[in-house]
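Two complexes follow with chain A in common, the first pairing it with chain B and the second with chain C.
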Partner chain A sequence: MQSITCECGHSNPYGTSLCQACGKPLDSDVEVLSSMRYEGSARRSQTYKKTFVDHTWNFFSSVRVGVWLIIIILVAAAIGTIFPQETFIPPNVDPATHYESEYGTLGLIYYLLGFHKLYGSWWFIILLGMLGLSIIIASLDRGIPLYKALKTQRVTRHDQFMKNQRLFSVSEEAELEEIKYTLESLRYKVREEKGNLFAEKGRFSRWGAYVNHVGLIIFLTGAMLRFFPGMYVDEILWVREGEKASIPGTKSDDGQYYLENKEFILEMYDKEEKKFNSALSSVDGEVAKNYQSNVTLYKTTPNHTIGEEPELIKVKDGEIRVNEPFKFDSFALYQTDFKLNEFSKMSFELEEKATGKKFGKLTVDLHEPEKKYDLGNGYRVEIEEYFPNFILNEQSQPSTVNNLPDNPAFVFSMYSPETPKGEKAFVGIQKNIEAGENQFKMSFAGIETKDLTALTVRKDHTLWIIALGGVIFMIGVTQGLYWNYRRIWIKQNQDGVWAAAHTNKNWYGLKKDLDFLSEKTSLIALVDKESDTK
Partner chain B sequence: MKKKRLWFRSALLAILVIAIGYTIYNSIFEESGTYIKKGDKAPNFVLTDLNGNRVELEDYRGKGVFLNFWGTWCKPCEREMPYMQRQYETYKEQGVEILAVNVSETNVSVKNFADRYRLTFPIPMDKQREVTKAYGIGPIPTTILIDKNGKVVGRTSESLSEKKIISFMEKIKP
Partner chain C sequence: MAEISSTLLYGAFMIYLFSTLFFAMSISDKKHEKAAHTKKWGKIGFITACVGFAAQLGYFITRWIASGHAPVSNLFEFTTFFGMMMVLAFIILYAIYRTNGLGVFAMPVALLVIAYASMFPKDISPLIPALQSDWLKIHVTTAALGEGILAISFVSGLIYLIRTVDQSVSSKKTKWIEIVLYSLISVVGFIIISLAFKGAGYEASFEIMNDQNQPEKIVYDMPAIAGPANGEQLDDSFGPLFSTPSWMNGANASIKLNTFIWSLLSGAILYGLLRLILRKRIAAALQPKVRINPDLLDEISYRAVAIGFPIFTLGALIFAMIWAQEAWSRFWGWDPKEVWALITFLFYAAYLHLRLSRGWHGEKSAWLCVLGFWIITFNLIAVNLVLVGLHSYA
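This part shows the complex of A and B:
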C-alpha cells in the first residue's frame, strides 16, 4: 500500500480522498463536499485488512456496528423493565416460583431466560463491553486522522477544492488587508501565504464528539468497576426492634460492624390540623410524614469468628430518615422499608373449662419458645409442636410456610394434678382443637409485637468516576453543539479573487459572517449552491 | 510502522477483553461479595448445636466436611435428610462429618424434626443467620463440600439424591 503524493508535494496515506494539505481530490470520482466530514482523510479502518486483529478492529470501527449495538442494548435494557428485577422482588421468596405465580407464563419465560437479573448477566456485560470497544476504536480511527488533517491543512487550496465548496464566488478584485482585518474583527484566526488567505474559527468544536466519547468510556469504566470487589456494596438489612444484626459487606480484618435497631418510628400527618387540612382532605386514608429508625452502630473485636456471640464495642448512635442516611467509614445506611407489628410474644393462661378458673400465665417467645413452662403447684404446659407460619400442607398435615412467626400455632400438652397424663390441644390464631374431651384449655391472653426496619447498605466508590464521565460527556456535547468550525479561503487566481467557505454545521451563521465581509470589503457575496437550486 | 500498529491494536483489544472478562467473572460471583465458591477457603465459624455443644469448623480440619444449610419448612431439605443420615453412618468412620446448619429456626421445631428423622449428626443453629450470610446462601438446601484442608471443593443448591451424596462423600473423604 503506497502513499499518494499530491501535485502540491504533500504525501498522503493510502485511502485519502482529498489531499491533506491543499485539498485536491486525489481521485476523479471523489465528491469534495461529502468528503469534508473527515477532511477526506483515510479512515484507518478502511485501509488495512490483513490479520485477525485488523478484521476485529475494522468490525468495531464501523459506525453502523456501533449504532446496532446501541439499538440492541436499548431493546435489552427495555426488556429488563417489563417485570421487576430479582433485587426488587420481596425477600424470602424463591424467584423460581415467584415470577410464574405473579406474572403467569410470561413471568416463567422471563425467569427461565434469566431476564430477572438481566443487568448483571454475562451477555449484557458483553454487549456493553462491545459498545465500549466500538466507541474507542471508531473514535481513534476517525479522531486521529481528522486531527492530523486539520493540522496539516495549508492556506493555499487547490482550485478544484475551492470550486466544489458549497459557498463560492469570484470577485474581480479585493483588498486582502481589508479582508484580513474584517475577518479578524469577527475573531477568525487568519493565516496568509503568497497573497492567499485562510481564516478559521472554532476548530476545537470538531473535538466535541471525541471528548464526549472519552466521557462515555469513563462512565462505562465506572459502571464496570461496580463489579469489582470492594468498590460497590448494595445490600438490604432487616433488623427487628431491640435486636442487633451484622451489616452485610462490612467485615474487614479489624472487625465486623453490627447495627442495633432501637426503635422504628412511623408518623402520619394529622388530618385535623389546620395547616394540612385542605391538602389532605382529598386523600383517602393516612399520609405518612416520617419513616425513621433510631440505631446504634457497633463493631466487633478484630478476631471475631462468624457466628460467635460478638464482643461489641459501641461506635455511635444515629437516626435514619428517608433521604437522610446514617454514615460511617465509606458506608451509608438508607431507610428503605419496614414491617409493622410482627408477632413477637404470645401469652396464654391455663384455664379449667368447667369453672373458668385460671392456673397461671405463660408467655411464649415466638422466636425461641421454651419446651416446658412450669406454672407451679403441679400445673405445667409443654410445647409439643410449633408452627411459626401455620398452614395445612397437601397431605392436610399441619406444617409451616417458613420460619417467620406470621401465623403462629402450637400443639400444647397441659398437665395438672388432676390430669397427670396430660391433655393435648392444637392452638393457633382463632383456633383451638382438642384431642378428645379436655378438662383444661389454653386461653389467649395477649400478644406483643415488634416493628422491623429495612435499610439499604450502600458503599459506592464508583460514583465520582461515573459523575466525572458524565461531566466530560456534557462538555463534549456542548463543545460540539454550541460551537462550529467555520473556514474561509481566499485565493488570488488569474481570473480574479476566489473565495470559498465551509462549516461543519450552522451554515446560517457562516453566511452572516460572509455577508458582513462582503459589505465591508469589495469581495462579491458568496453564492450558496444549495439554496440556488431551490 | 505496520508492526507497531498491529501491536497497538492487539494490546488495546487484549486490555478490553481482559477487563470485560474480569467484570463478567466478578458479576457471576457478585452476590454480596461473600459468595463462597469452589476453590475458596471455607470461612471459620462458631455455632451452638441443637444439643448445646459448641461447633467450630476449624476443629474438623483433617476431616472432610459436608456442610448443609437447611430449614424444617423446606421440602427438598426434608427429602435429603434421611439419605444424609444413612450416609453419615457409613462415612463417619472414614473421616467425613456432616454439619447441617439450620437457618434461623427455633429449638422446639428443629428438635421435633431431628427426632422424627432420628438425625445424629450435629445441627448447628444459625439463629442470627450470620453463617448463612457469610457463606452467601440464597435458596436452601445448599450444600458446601469442604476437604480435609478446609478448602471448598464443591457447592450445590439442588436437592440431593442418595447417589449424589455418596459421590460427594467420596470426594471429600480424607
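This part shows the complex of A and C:
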C-alpha cells in the first residue's frame, strides 16, 4: 500500500488518520479528538480487514474483547469458590460422592461440570491463554505505532489539529519567552520552532500500559514453565524423630540428599501470660505458638549405587519453622504438618495365667517387628501376624487400614517347656482373644511413642521469572497511572496566538497547569469544550 | 498501654464524628452562603479529620507496643485499620481536589467501618505460627491501604449517582441506589442491635459436634433466628427459626449468619423509619444537598482507582504471593481469599480498560465503582463467613 504524503512534507504510512508530524487530518471525516488516543497512527487492526490472519489479529487487538475475556475469567474464578476445590476437601474421600453428600444436588452438578477442578480445567487454561494473546496483540497493535508517532511529532501543528483539541484558546498577543519560562517552571520540556512552542511532560507514562503488559506476559510465561520437567519439585516428606529419610526429588548425579529429624517441637502459648490472658481464656483449647523441626541435612557420595547402604556426609544443621523454610541448593523444606506420639515400640511380658509369674519381656518395633523373640529357658514368642492399623474388614476378618501403627494388633504364638506346641492369642489395644484355653498370656508392659514431622520439599526454578514479571508489571502500572502525558501547543497565527492542550488522563491536573499559565502570562485561559456543552 | 490505645481509638472515633459535622456545615444550604463559609468549614473539617487520623495512628502504635506485633491480626484490628486507611485515602484525595461534599460521605463510611470493627472481640490475641512473619504487617497494611483508596472511589461514585440520577420518577436506578444506602444503614442497624443485646446480657447456648466429632458448646449473643447446623439447644431461649446450611463452613458461621440476618432486619426498620420521616426516597432527600460538579466526582472516583489499583495489586497480590511462598511453599494456591483478591484485581483492570472508551465515563463508571466496593466488602466479610480456606481463622 502506498504511503500518504501530508502537505507539511511528512510521509505517513498507509492507514494514518492524523499526519504524524503536524497533526493535520489526512481525511476529511477524521475527528481529531477521538483519534488522539493513539495519535491517529496507522494501526494494523484498523487498516487491514481482509484475510483470516487480519480477522484473528483484529479480534485479539480489540479492547472490548480483552474486557470480555477479563469478565469471563472473573466470573469463572468466582464460580470456583462456591464450593471448595478438590484440593481443599478431605484427602480420604471420593469427590464423586463427597460433593453430593455435602452440598446436595447443587454439589453433584458442580462435580459433574468439573467445577471441582476448575482452575486446572482445559477451558480455564484456554481462557488464560486467550487473555495472554489479547494482551500481546493489543499491545503490539497500539504500542509500536504510538511510539513512532510520538517520536515523529513536530513543534508546529496544523491549524485544524489545534482548533479541534478539547482545550483551546486564541489570544491577541502573548509573550513567547514568558510562556516558555512559565511552562519550564512547571517542569515541562519546551521546544521552539519558528516562533511556535511545544511543551510536553511525562511522555514516559504513555509506555506504562505496554510495560505492565510485558510484565504480565513474563509472569504468565513463568507460570507455564512450571510444567516443564526439572523446573519444579513438589513432594512431601514424613520423618520420625531420630530417623533419617531420603528427601524425594533431590536425587542428582552428585548424590541424593537425606534428612535427619533430630527433634520435633510443639509449643503452646502460656495461658497465664498476662498480655494475651483475656484472649486465651476465651478459647477452649490451647493456642499453638511454634511448630519446629530441628534437622540435619546429609548427602550421599556422588557414585553411590542404589541398594547399597549409602554413605552419608553431613551438610548442615537447621531449624525449620512455619514461615522459616530451610534452604539448601535450589531446594527449600517447609514445615507443613506433624503427628505427635505415634506408637513406635510396644512391650509385652509372657505371663502364666494361673500364677501370674512372668517369664521375660519383649519389645516389638512397630515399624519393623521381628518374627521371633527368644526369652531364654525354653520360653519364646513368635509373631504370626501383625496388623499395624487393625480393623475388621467387610468379611469380619482382621485386616489393616495401612502401614501406620495407629492401632497395632498381633497374633502371637507363645512357646514354653510346658506348651511346646505353642498357644495362640490375638492381642491388640484392650483386646486379648485366645484360640482355646491358654495357660499363658501376653501382658502389656508399656509403649514408646515418637513424634513425626511433615515437610514439603520444593524446588521452583520459575520463581525468578515470575518475580521479574511482577516487578515489571508494578513499574508499568505505576508509570501509567501515577503520571500522565500532558502537551501544550502554542502557535502564532495571523489572528493571534493559538493555544491548545491535550492529556491522556487527569484533565483536572492539566487545567490547573493551564490556569497557572494564563494567570502568569497574557495568554487567554483555555476553554474546555466538553464541560461547556454540559 | 492497652488502655491508652483504646482511649485513643475512642477519641479518634469522636473526632471523626465532629469532622463529618463540620463538612456537613460547609455544604449546608442557608440561602446563598458565601464561598468563604464553605471554605472555612471545609478547612475546619479537614483539619479535624487529620487530627482524628493522628489519634488513630496513636491507637495503632500503642496497641502495637502492647501486643508486640502489628495490630492487623484479627478482624477487629484489621477492620479498624481498614477504616483508618479510608480516612488516609480521603485526606490524600481531599488534598488534591478540595471537595467538601466528599468529606460529608467519606467520613461517615469510615466511621461505620470503625464502629463495625468494634463489634468484634477486642482482646489482644497471640499470633498463631502461620501469622508469625514480617509479611503479616507488610501484606495486610498495603492491601488495606489499597482497599481504602478504592473505597473512596465508591464514595465518590455514590455521590455521583445521588447527584445525577433522576429522582422525579421511580426507576431501576433509583431502586439500586436505595439498596446501596440500605446496606450502609444496615451496618448502623448491626451496631445498634449488637450494643442493645450486649447491654441486656443476652445469651443462648447450643451444643454442636465439631470437625473432630467432639461436642462443643457455642454461645449466641443475639436471639437465634438461624441456629447452628445440627445443633442442640441447651436453654429455653427464643428460636431458632431454621438451621444454618451446613455448607457454610467458616469459623462460627451460624453465629455470623444470625448476626447478618439481625443486621438486615434492624437496617430495614431504620430505613423504614427514615422513609417515613423524609416521605421520599433517601437519595431524593440527599440530592439537593450535593451540588458538586458531576465531572469532578467522576474525575475523583477515576483518580482514586488510578491511585488505589497499583497499591492494591502490590499489597493484596504481590506481597501476598511472596508471603504465601515463604509460609505455604507456593505463591498461589487458589484459596478463596486469594481468588477474591484476584477477582478484585480483574474487576478494576476491566474498569480501567473500559475507561478508555468514552461511553463508560460518568454514570456507568460510577455504578462500576459501587460494584467494586461490593466485591471488596464481600471478600472482607463473606469469604470468611461462607467459604472455607486458609484465611478462615478470623
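Here is the rule we use: the second predicted complex is superposed on the first by the 406 of 534 C-alpha atoms of A that agree within 3 Å, B and C clash if a C-alpha of one lies under 4 Å from a C-alpha of the other, contacts with A are read in each partner's own complex, and residues count from 1 in each chain.
By definition in this document, contacts are C-beta pairs under 8 Å (C-beta built on N, C-alpha and C of every residue); 3 or more make two chains touch, one makes a residue touch a chain.
What you see is a predicted model, and the numbers here were worked out from it, not measured in a lab.
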Which superposed partner A:Ile125 touches (first chain B, second chain C, both, neither): first
Touched partner set for A:Thr300, first chain B, second chain C, both or neither: neither
First, second, both or neither for A:Ser41, with chain B first and chain C second: neither
Touching partner for A:Phe227 - first (chain B), second (chain C), both, neither: first
Touch count on chain A, higher of chain B and chain C: C
Chain B versus chain C as contact partner of A:Ser416, first or second or both or neither: neither
Touched partner set for A:Val322, first chain B, second chain C, both or neither: second
Touching partner for A:Glu368 - first (chain B), second (chain C), both, neither: first
Partner chain in contact with A:Thr16 - chain B first, chain C second, else both or neither: neither
Interfacial residue positions of chain A with respect to chain B in the complex: 48, 51, 53-54, 56-57, 94, 96, 120-122, 125-126, 129, 132-133, 136-137, 224, 227-230, 233, 235, 245-246, 248-249, 251, 305-308, 367-369, 371, 383-389, 399-403
Parts of chain A lying in touch with chain C, wherever the complex brings them together: 34, 37, 63-64, 66-67, 70-71, 73-74, 77-78, 80-81, 83-85, 87-88, 102-103, 107, 119, 234, 269, 273, 275-276, 278-280, 282, 284, 287-291, 321-325, 332, 334-336, 456, 458, 463, 466, 470, 473-474, 477-478, 481-482, 505-508, 530-531, 534
Chain B residues within the chain A interface of the complex: 2, 5-6, 9-10, 12-13, 16, 19-20, 22-24, 26-28, 30, 32-34, 43-47, 56, 71-73, 103-109, 111-112, 124, 126-128, 130-131, 133-134, 139
Chain C - residues contacting chain A, complex: 66-68, 97, 121, 123-126, 128-130, 132-133, 135, 216, 246-247, 249, 295-296, 299, 302-303, 306-307, 309-310, 313-314, 318, 321, 325-331, 333-336, 339-340, 342-343, 346-347, 349-350, 352-354, 356-358, 383, 387-389
